[in-house]
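Structure below; questions to follow.
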Amino acid sequence: MNKIKTIDQAMEYIRDGMTVMIGGFMGIGTPELLIDAMIEKGVKDLTIIANDSGLPDRGVGRLIVNKQVKRIIASHIGLNPETGRQMNSGELIVDLVPQGTLAEQIRAGGAGIGGFLTETGIGTEIEEGKQKIQVNDKIYLLELPMKADVALIRASVIDKLGNVYYRGATRNFNPLIATAADIVIAAAEQVVEVGGIDPSDVMTPGIFVDMIVEGEK
Amino acid sequence: MNKIKTIDQAMEYIRDGMTVMIGGFMGIGTPELLIDAMIEKGVKDLTIIANDSGLPDRGVGRLIVNKQVKRIIASHIGLNPETGRQMNSGELIVDLVPQGTLAEQIRAGGAGIGGFLTETGIGTEIEEGKQKIQVNDKIYLLELPMKADVALIRASVIDKLGNVYYRGATRNFNPLIATAADIVIAAAEQVVEVGGIDPSDVMTPGIFVDMIVEGEK
Amino acid sequence: MDDTTAKQRIAKRAARELNDGDVVNLGIGLPTMVANYIPDDVHVILQSENGFVGLGPVPEPGCEDKDIVNAGGKCVTVKQGAAFFDSSVSFGIIRGGHVDTTILGALEVDEKGNLASHMVPGKMVPGMGGAMDLVSGAKKVIITMTHTSKGAPKILKKCTLPLTAAGQVNLIITELAVIEVTKDGLALKEIAPDTTIADILKSTDADVIISEELKVMEV
Amino acid sequence: MDDTTAKQRIAKRAARELNDGDVVNLGIGLPTMVANYIPDDVHVILQSENGFVGLGPVPEPGCEDKDIVNAGGKCVTVKQGAAFFDSSVSFGIIRGGHVDTTILGALEVDEKGNLASHMVPGKMVPGMGGAMDLVSGAKKVIITMTHTSKGAPKILKKCTLPLTAAGQVNLIITELAVIEVTKDGLALKEIAPDTTIADILKSTDADVIISEELKVMEV
């Protein structure tokens, strides 16, 4: 099973209207190669799930500037003024989610957890529309799992089976989204042979990765 | 802050009646050095939380054979006939928990999650006494977090700040219990200077580890 | 048929259920034997719930690594391209539906696909280990077991032992038959060449639907 | 006092709240400046919610590693003994009570310890990032901010902006005062040498209890 694909082969799996999770934190750890290709393909009406909306010229932000996104679920949109502008003008739906809750919702989606209880957001607008559950005199919000059609991750090093090693702080949401989508596409900075990553150093097991595209910078 | 302690210094933190989480899977990844010391100290009436009850001559099993345990919460007791014998004779309380639920309960305890929804155990005796919660026409069990007074972990390599690297399959429950106890004691196969473990290879950050005892085999 | 021959036959038949690229978890005992019969052109990735994917063969004596063991605590090897992780990640894989097939043993299975495999109250209480999570989480659950125990049927109208999971079993493979759990009941899909439908019905407590495409089991 | 001087004073005072061995998360902006004033004999471990502990100083130009950035996306370094992890582990640390102290900025704080820091509806909506999790999870929440904004009080009887967290703030440090959130209300613990109680009360909308142990703030 050869997981190495051309960018065009990978793009066949990203279509208008899909829900796409994208790794990265303020653009660091985001697969820019796949953003480039999505812009070139012009895929539209996307729902994006990501930590943040990037910068106007970096990461997820470029898809927003190019008006390919109809909705974004993220914890922070402050570094991309265009996100706020489109939100205020009604062009874009923005769902703001506390960062820890967002990470845990994606993990839950990938790990088959039906929901989890958290104190984060109690007493704030985040409560709206959510079940509250009492356990031993404490009130929690029930937060539900998140999944996506496609997840786009950025691998610092990947072997041909799809085992991933993320350098430094590029890890962030990447290992989480890799578990929570029907199709997982990795943009790779470096591809190595099977056996080139020590089994103890693997951060995303290859069983989660469907496709590898080379050429990420 | 010197985290390296003698075994006697570490044992001061383990007292009669405490709840103690112990890492390992059928004894692999269990800190035998700390089991030795608990047997020598004769600490009793312990509640143990661990994947399994080990073997009669290995891991958690030795504490059971030595009658230091009043209750064990575990997923499997089959390799230690003494556990079953003490359970049937009423000397020992055994709470059997599905392994994935147990791992997730400990993670939840460490990660400040108030509970989580799972399908595991639906339609079985595991349901008893638990809240059932419906989400989108599906029924889940609400499982609650677990914490302990002390966690005993086994580090293959540890630096003097307490950053841990676990070799091979010794990882299992160790990184989870390290997050979920008031005091965490690591028995170390090998202690290295700070900087001796690459920050990307750390599996339990040192902020979780209170004490390091050298001499684990 | 002696017990060893029966188990070999079951393991061999179960191996044919696996597809190239599948992530597979094999239970302890008979299910572990399945690995010996996987065709050379079918590459499956074996998951070990104690914390890795890429389980390899048993090592040569003297080449054991004490830190690499399977979920039964036995020394094993890992293949190139393996990955280790902790127990919460391991069960995230299992619970999250990332295991294509799990093959497990059983004490009893019934018409509703209920499974009892983890205890006989008052007698044998090993605990469920990872079995409850596996049967809830895996996409396909295959039960491998001898058809009867000391002559008593193990495929029942209704399980008598405490359940390990309700309604999760997909396929039952014994030395006599391959039986699918359908919404209409248990469907006999294959029959061993050295038995008869009458014999199977006699040694099965559950109602069995004879499939229209009934085949002879390859042994 | 100009804005820079005020912020330096606040950061310096906040640094004195940190204890040797503490795990600390500093918000973007003014809170980040606190790191510059931590005494040499106090070793704290800085957590960066994008995925590590052991945050070090800003690198020399030309020595930046593009893969090592802080939660503001700026190039940083890590100290020896640092550890990287993913976002779910990062917020497990935060939510699980393993951060001793978080120091954050604010738009408004009120008598109940309520905090508004993440949005001004219709005007500025950057989002809460990790702030909601941090203030819910950290053992101690310190708010650092200038006492007023263009002359308008920011310490209120009741927050007017959407809350970032309810009742989670422990201490407020401004250029004029150190105020503790107690169950009886806001307690003025320290007053800057260049102001008066009257001035503080005038620039504070909330009721303030003058602590019996009121001290002069070291600046």
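Going by the order they are written in, the chains are A, B, C and D; count residues from 1 in each one.
FYI, contacts are C-beta pairs under 8 Å (C-beta built on N, C-alpha and C of every residue); 3 or more make two chains touch, one makes a residue touch a chain.
Computed from a predicted model, the values in this text were never measured in an experiment.
Participant: Using the touch definition from the top, list the chains contacting both chain A and chain C.
Facilitator: In this structure, the chains that contact chain C and also chain A are B.
Participant: Decide which interface, B-D or A-D, involves more C-beta pairs in contact, and give its chain pair.
Facilitator: If we tally the contacting C-beta pairs, A-D comes out ahead.
Participant: How many Å are there between the centre of chain C and the centre of chain D, using C-alpha atoms for each centre?
Facilitator: Those two chain centres are 55 Å apart.
Participant: Averaged over CA atoms, how far is the centre of chain A from the centre of chain D? Could you give it in whole Å?
Facilitator: Centre separation, chain A to chain D: 29 Å.
Participant: Using CA atom averages as chain centres, what separation in Å is found between chain A and chain B?
Facilitator: One centre to the other, that is 32 Å.
Participant: Please compute the C-alpha centroid of chain B, do the same for chain D, then give the distance between them in whole Å.
Facilitator: Whole-Å distance between the two chain centres: 35.
Participant: What are the residues of chain B that contact at least two other chains?
Facilitator: 104, 107, 111-113, 118-119, 167-168, 199-200
Participant: At least two partner chains per residue is the criterion; list those residues in chain D.
Facilitator: In chain D, residues 52, 78, 84-85, 88, 91, 94-95, 137 touch at least two other chains, as defined above.
Participant: Going by the touch rule stated at the top, which chains touch which?
Facilitator: Taking the chains two at a time, the touching pairs are A-B, A-C, A-D, B-C, B-D.
Participant: Once bound in the complex, which stretches of chain B touch chain A?
Facilitator: Checking each residue of chain B against chain A gives 104, 108, 111-119, 131, 133, 135, 138, 140, 142, 144, 165-168, 199-201.
Participant: Can you check the complex and tell me which residues of chain D touch chain B?
Facilitator: Touching chain B: residues 20-21, 23, 43, 45, 47, 52-54, 78, 80-85, 88, 91-98, 137 of chain D.
Participant: Using the touch rule from the top, collect the residues of chain A that touch chain D in their complex.
Facilitator: Result: residues 25-29, 51-52, 55, 74-79, 84, 87-88, 94, 96, 98-101, 103-104, 106-107, 118-126, 156, 167-176, 203 of chain A touch chain D.
Participant: Enumerate the contact residues on chain C facing chain B in the complex.
Facilitator: Going through chain C, the ones touching chain B are 48-52, 65-69, 71-73, 78, 84-88, 90-91, 94-95, 114, 122, 124-133, 136-137, 162-167.
Participant: Under the stated contact criterion, what part of chain A meets chain C in this complex?
Facilitator: Within the complex, chain A contacts chain C at residues 1, 107, 109-113, 159, 161, 163, 179, 194-195, 199-200, 202, 205-208.
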